[in-house]
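Some notes on the structure that comes next.
Should a chain be cited, it is by its letter among A, B, C, D and E, assigned in written order, with residues numbered from 1 in that chain.
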């Protein structure tokens, strides 16, 4: 369990990023922080592994304040996946995945074996293991990033818009892959995105944020759609624009669902 | 009217981009070319203003083969909007928009006045006109790109993933803006995207492409959803993954539409 | 040509000396400049000062430095150490800027990921920053190497024997062949060294697409 | 050591050294003159070539190899060769110095054009700019900081190396170095060096300012 | 064939072997003389090596003082001027006497040779005829005189200041060329860029180009007899005997011949030229 207790953050240069944020993230579930650019999602996420230290309040993991832990050790115990994969361009794919293991002293041979396992787990061909990151497509790189996040089998996985930079078709694949993995592994995942569709797909718990890390609404996707807390949420999830207000239309004997903007959204089963 | 007649393209380095492509794009409508990365969308689009010359077949505008026209003049008569706006970083916003006018000899003062009109048309504040592109957000830059494409009032507007690089919320705005403009202006628009949702929203006619510029299906969005031509189309539009197979679920007394992956898609009106 | 053959062993001796006088400053310069450049990059307040002094150092004309140095260092007049010191100074002056730039252009998200994965400060510098700066550093070394090989010849004016001696000698004897051979030999050494650096780059930086391009 | 510096200060303070053909103002003017002439000639040769290579992308490999090889040419060797061929006077040192100045100018020009975002260039062409317009209105303005960077290092190298040309009889500030060394007048050598260094620093500073303005404009 | 490993020069002074190290300045004649000294010593069973091409007198005098070089072919007038910048002696005997007195501790000169190589002022035959000059004194009549020489000519007593003081020649346009009266200086003269050029008197190009060497009635230019400069602790009777014999056999004409040979079409090395002279003079 991860808990934010009245957390605030003002950066050294005076930028206020987070005002007063409190939240409990249950273990073995996925919590998605969603909000538009600059609202403080990344800042909140990075407080968990002390890449950012809060200027007020505490972040607790299983009731232990992370501020009491050595940051390097803490980071080694938590998986981290980010938008541009952040792979080391000078290391082969398998060595990239092995990094978290090597850092905690796992011998090279064993680290590579486990790295290969992790690559397989995220659906990457073993043939790619000996390539360099730049020889991979964007989607493949993201998978490598996920493999690296998982390789040391951490309890917590932080994911900062991990699929933000890949094209929609690959993104769909990666999302499905993550859902599958999570069913298998049951990690505690903190996931950051600004795509509400992604949030609704992946999140057991979705946290919609306003500027300054202020919580607009917390709940399951269906709860949020059924009872949006206010106009901000309504607009954020698209209920105001007609994207979410659907109606049914007959075409060629099929019942096509069309949204308020006239876009065909799908076929009613 | 734009017409592709058995068009093919193999690049100088031997890359085959388009095999044999034929299509008619009616005037005053929006045709969207949609397909995954590398399928030849950009190549096809750029044949219209001779940024690429086909290695086989012809492209005709109102029955005139573009190959017979001077490329520089041709380009000046066609609007072009691209993914990374492609603004000149060393020119102010208003001067960027004025470029197509200045190139055909419109005097500076008049060009700037018309550029300001165009900026207003795409919903940009006049206060931004004297800024440099890098001082604008991504979404604002894209609007400037659209303004530049429209400023010379061309009959044809080519748009190559113009909203691909902005975040989803801004993208929604831009798409709405474009729909509004098109209702007003009735240009012949060729629009390239790899986002099927965008294609369904904007396209009067949607062309789904396979690798090599091969047409998988042409039709209105509803036609395609109702009767996908084959498994490739079915999968491409998401009918196989459950994204498009919707069902209805009651939450808090509301009828929530949920897709096959369990994601809440909207509320039934 | 016959002159070349007749004097082959002499030219070879000069070439070997020349090679030696070129390699030492480049290597020393690299070893000194990389940490300084790294440090300057880290401390933006000092960056301008360090790079500025590098610029000043580099604009010092070589000839007077060579003459004044023995008085300052207490070295012998004929001591090639003078040449080595002057050329090392130039190499440091050039490479400090390169090194600072090399560390400045490291992709921030890669560094961020490295930290987030649990690299300690030193681990990050050694395992991530240094290798990633490699291609730019290599490009810098190549530029310095070429100019050093060419600058060594100036030492001949004050009596430090090297391939430049063929210029002064040929000049006094009105013997262009000797000068041309000297020029060719200098260019050959420059290319040879350059090839060596490229090869070293291929071995040490196999992942890099470009093995460094002269800036 | 310090005594040399004191003597140099005395030398510089001596009004005798500030007048006549061998006075600092005259030598300084000569030096600036040679350097300006050299850079002007080299620019006329190298800049258009560099712009063309950068714009078309043709002969890029050739340009890289050429600048590399030319950089390796020892200036002293060129000076002595040139003077044996054409005799003393302005021609020999100017030729050698022009050769020295070409690589940075060429590299600055083609690397500058190359560094311009291809998408920007593509967009400019797609708006209907002719190749000339693309070069003059888009590529050159955007490449200006790097082009100026090339000019800056060419100027500094020429100013520093022009001193060596005194070895083959050229005037300029190098005279103080060569003459001073010849008669072991180290105060004179050092003073000359100081003036050269000062000149280099002033020019460097001036270029830094111009370059910053160019960056701001770009 | 010549030159030691320069990277070791710094330490040569401390760990000097038995071999006598003969140095030379960076011009042909000095190199030949050094090779001759070394060759003659070796022929007599005294081990000697060479360390050629040292450009500045200050550099090699320093090297001799610190012991990295033992023996050096010098010229009396220039050496004197170096050791005592205020020296005024110009005639050979006076110069020798003054030189003995000016030598620093630890250094010695042996018997000077009759062979002499000194600065000489030359004009082209055409110029000589046009302006009717045969002596330096005649130059005073020429307006706007242009002169090329080594840079030191500008300040040395035998140079511009002397021309003004002894011969009353003023307003000389001076071009400094650091080739010791070599090809660039010669070209400047023959091409008419300058009127007068300072060229060492044993340079073959003087005769080859029909240059007129101007007389020096007022002894402006000091005597420059070849003389072995040697470290005291490197010298011995045997060494002195060998070198004295060399000095005796050397003549000004011999220097000219040696230089001519060196400039020959095959551009032989100094060592080869020296070897021939040694053979011809019975040192082999």
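FYI, a contact is a pair of C-beta atoms (placed from the backbone, for glycine too) under 8 Å apart; a residue touches a chain by one contact, two chains touch by 3 or more.
All values derive from a computational prediction rather than experimental measurement.
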| query | Quick one: which chains contact chain B and chain C both? | reply | A, D
| field | Furthest chain, CA centroid comparison against chain B | value | E
| Using CA atom averages as chain centres, what separation in Å is found between chain A and chain B? | 30
| task | Could you tell me the distance, in whole angstrom, between the mean C-alpha positions of chain C and chain E? | result | 38
| note | Between the Cα centroids of chain B and chain E the separation in whole angstrom comes to 85
| said: Counting only Cα atoms for the centres, state how far chain B is from chain D in Å. | reply: 49
| message | Where in chain C do residues touch two or more of the other chains? | response | 156-158, 168, 171, 174
| remark: chain B touches at least 2 other chains through residues none
| remark: Two or more other chains are touched by the chain E residues 56, 58, 179, 183-184
| query | Taking all chains into account, which pairs touch? | reply | A-B, A-C, B-D, C-D, C-E, D-E
| task | Under the touch definition given earlier, write down the residues of chain D that touch chain C in their complex. | result | 1, 4, 64, 67-69, 71-81, 83-85, 107, 111, 156, 159-161, 163-164, 167-168, 174, 177-178, 181, 186, 189-190, 192-193, 196-197, 200-201, 204
| query | Where on chain C is chain A touching in the complex? | reply | 107, 109-110, 112-120, 123, 128, 131-132, 134, 205, 207-209
| said: Show me the residue ranges of chain E that touch chain C in the complex, using the header's touch definition. | reply: 1-3, 5-7, 9-10, 13, 26-28, 53-56, 58-60, 62-63, 66, 68, 179-180, 182-184, 186, 262-263, 266-269
| request: Report the residues of chain C in contact with chain E in the complex, numbered from low to high. | output: 2-3, 6-7, 9-10, 13-14, 17, 20, 75-81, 156-162, 165, 168-169, 171-175, 177-178
| Residues of chain C touching chain D in their complex? | 55-56, 58-65, 67-68, 71-72, 143, 146-147, 149-151, 153-154, 156-158, 163-164, 166-168, 170-171, 174, 176, 179-180, 182-183, 186-187, 190-191, 194, 213-215
